[in-house]
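In the part that follows, the structures are each spelled out as structure tokens.
Next, two complexes with chain A in common: one pairs it with chain B, the other with chain C.
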Partner chain A sequence: MVLTIKVFGKISEEIDQMEFSIENPGNVSALIEKLQAQFPQIQELKYAIAINHQLAKPSEDIPDGAEVALLPPFSGG
Partner chain B sequence: MDRFDRHYNLKGFGKAGQEKLQNAKVLVVGAGGLGCPILLYLAAVGVGKIGIVDGDSVSESNLSRQVLFGQHDLGKNKAKVAGKILNEKYANLEVEVIPEFLRTDNIIGYLQDYDLVIDGSDNFPTRYLVNDACVVLNKPLVFGALYQNEGQVAVFNAKGSKSINYRDIYPNPPSAGEVPNCNEIGILGVFPGIIGCTMAAEAIKLISGFGEILDGKMHFYNFLNHSDYKIELTKNQQSYQNRPKSIEDLQSMDYQDFCGLSADISWEEVRTLMHDFPDAFLVDVRGKDEEPQLEGLAFQQIETDQIDASLDKIAQHDTILLFCQTGIRSAKAARKLQEKFPDKYIRSIKGGITSFK
Partner chain C sequence: MEKLRTPKNIFVQGPISPIKIANSIANHATKTDIGGHSIFLGQVRADEKDGGTVRAIAYTAYEEMALQKAFEIREAVFSKYPLTCMHIYHSLGEVKTGEICLFVFTSSKHRKAAMQACEELVERIKAELPIWGKELVDNDTSVWKENT
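On to the complex of A and B.
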């Protein structure tokens, strides 16, 4: 089953899209690994992850069909 | 007719809401793109006391978005100009002007007197410092930040120690240079006004108990396409481990270092920077008689004990590179300068002139 990935800030700039789909690898850490392989340019970036609008932990399972958001920090003011 | 007549007539707000605003003391960190609209609205709606913290002075490129300032304010301290304008507009408003940047050794004293803090600063060391101080002092914090055409707003610590803080979503800062600020990637003048007004609205709602606030939630907004995204935050164990637990802990933290900003750079990186940023300012902080002299790169000499007297000259540059004989004096000077100018790129050169190739 696929996940919908929503991306923000610098990540969206780096990969030049705001939303895409990816096969569900099962949990958050597996997803991060998969994203790093697919988009080496975001390997070094720090970001938080939300599953269905809830902040997620690295060990958390991702339900099929979930919407996952990659949320980098902003500092501008 | 009263100045707040429309507030009295507003269902659910009324005289009770107005009284809460009148009794509130709010500290606004940063009088920049976010701070200007925040200050204007807090003062207009009748907040009793407003503190304005900013050590920066008005520069020409600020004027497209920092709407409290005009061309006649260039070079003046932002907190002082903002304070003067608000005092002139509203006779019964109490304003405290703090024309400094927040540091570990002054933040506790400045925050203590306020009920609520609003962070409109523009750099990660200040954002982590303000967050940690609010947690230690148990003060609610309205947070807002920008990245190009996107903004994020949250309310932290609104329910005391059980509440969420910035480190629950970002326990560790990004590495140096990973997230550029408005100086580097640009910003359209009107956008900080939208996010600043959202922050002011959250502060007003929090004080008056009007409506729902983003308590423990973070709201993302993209102004190019009007998309928004809201997430629920949860407590993060790593956040608790990383942050200072007491005032003493906080005062011994080095936030520049924590955010990876005290790293030294090599002469090779200096050449690249000076090529990419013609405005870069290379400074020899040694005494005039120290040898060897640097050759092949344009530099100025400002001895360490003359730096404080030369701040105006240094302030004209956004990239400041310091060297000495071995890199020790320049590292210390870079750290002190970074505290004075937290939004500038300030680096010491590793190994000093002895490593020059």
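On to the complex of A and C.
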């Protein structure tokens, strides 16, 4: 099933998109691998992945229909 | 019966005005069990960058997650300290140097709870809320801010 990924901050600028779709690879580490291949320009950048508004661990499964987001290091305040 | 708290909007478009801060203080005059307030104000600094000086910061956020996280932080800090009131405001969009981008306001019967809670809130807001600042430099370049 296709996931919609929201993108923020520097990552969004690098890939020039606020949102894109990708086939759900199952879990977070598989998603990261897929992203590194699809967007070589973000390979060196730091980012966390959130699933349904919670930070996710690499081993975490991605449920179909989940809201997934790529979050560069926070810099509020 | 205890009041059920739900996520509140913390975001303000553009800078937080000194008038909003003054009004917020004034609004507590009727709460006469308060003995101390603690206020933190974050202000945009004119840092020197390669080839220029920061003139503003443009803030963006993953709003739904930030509001959910701010709610969790609010609940945790309320349960840790005996607070009467807590207010958090963060800017979105452009805030010029010298303007206020973060306003954290805690009130309690006694000063220590208000001061400690305020400090903890500021640290957690900066570390845990998905908000990003892009520093706009006066030579038309920009740099993504990094919190230290």
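Convention: the second predicted complex is superposed on the first by the 73 of 77 C-alpha atoms of A that agree within 3 Å, B and C clash if a C-alpha of one lies under 4 Å from a C-alpha of the other, contacts with A are read in each partner's own complex, and residues count from 1 in each chain.
In this section, a residue touches a chain if its C-beta (ideal position, glycine included) is under 8 Å from a C-beta of that chain, and two chains touch if they have at least 3 such contacts.
The shown structure was predicted, so the numbers you read here are calculated from the model rather than taken from an experiment.
Engineer: Looking at A:44, would you say it contacts chain B, chain C, both, or neither? Reply first, second, both or neither.
Structural biologist: It touches chain B, and chain C stays clear.
Engineer: Mind telling me which of the two, chain B or chain C, contacts the most residues of chain A?
Structural biologist: Of the two chains, more chain A residues are contacted by B.
Engineer: A:10 in the overlay: touching chain B, chain C, both, or neither? Say first, second, both or neither.
Structural biologist: both
Engineer: Is there a shared patch on chain A that both chain B and chain C touch, and which residues make it up?
Structural biologist: 6, 8-10, 13, 50, 53, 69, 71-77.
Engineer: Tell me, which parts of chain B touch chain A in their complex?
Structural biologist: Contact set of chain B toward chain A: 30, 32-35, 119-124, 127, 144-148, 150-152, 168-170, 172-175, 178-182, 187, 192, 218, 220, 222, 227, 229-234, 236.
Engineer: Taking the touch rule as given, give the residues of chain C at its contact with chain A in the complex, in rising order.
Structural biologist: Within the complex, chain C contacts chain A at residues 42, 59-62, 64-65, 68-69, 90, 101-102, 122, 125-134, 144-147.
Engineer: Of all residues in chain A, which touch chain B in the complex?
Structural biologist: 6, 8-10, 13, 18, 44-46, 48, 50, 53-55, 57, 69, 71-77
Engineer: Looking at the complex, which residues from chain A come into contact with chain C?
Structural biologist: Touching chain C from chain A are residues 6, 8-10, 13, 50, 53, 69, 71-77.
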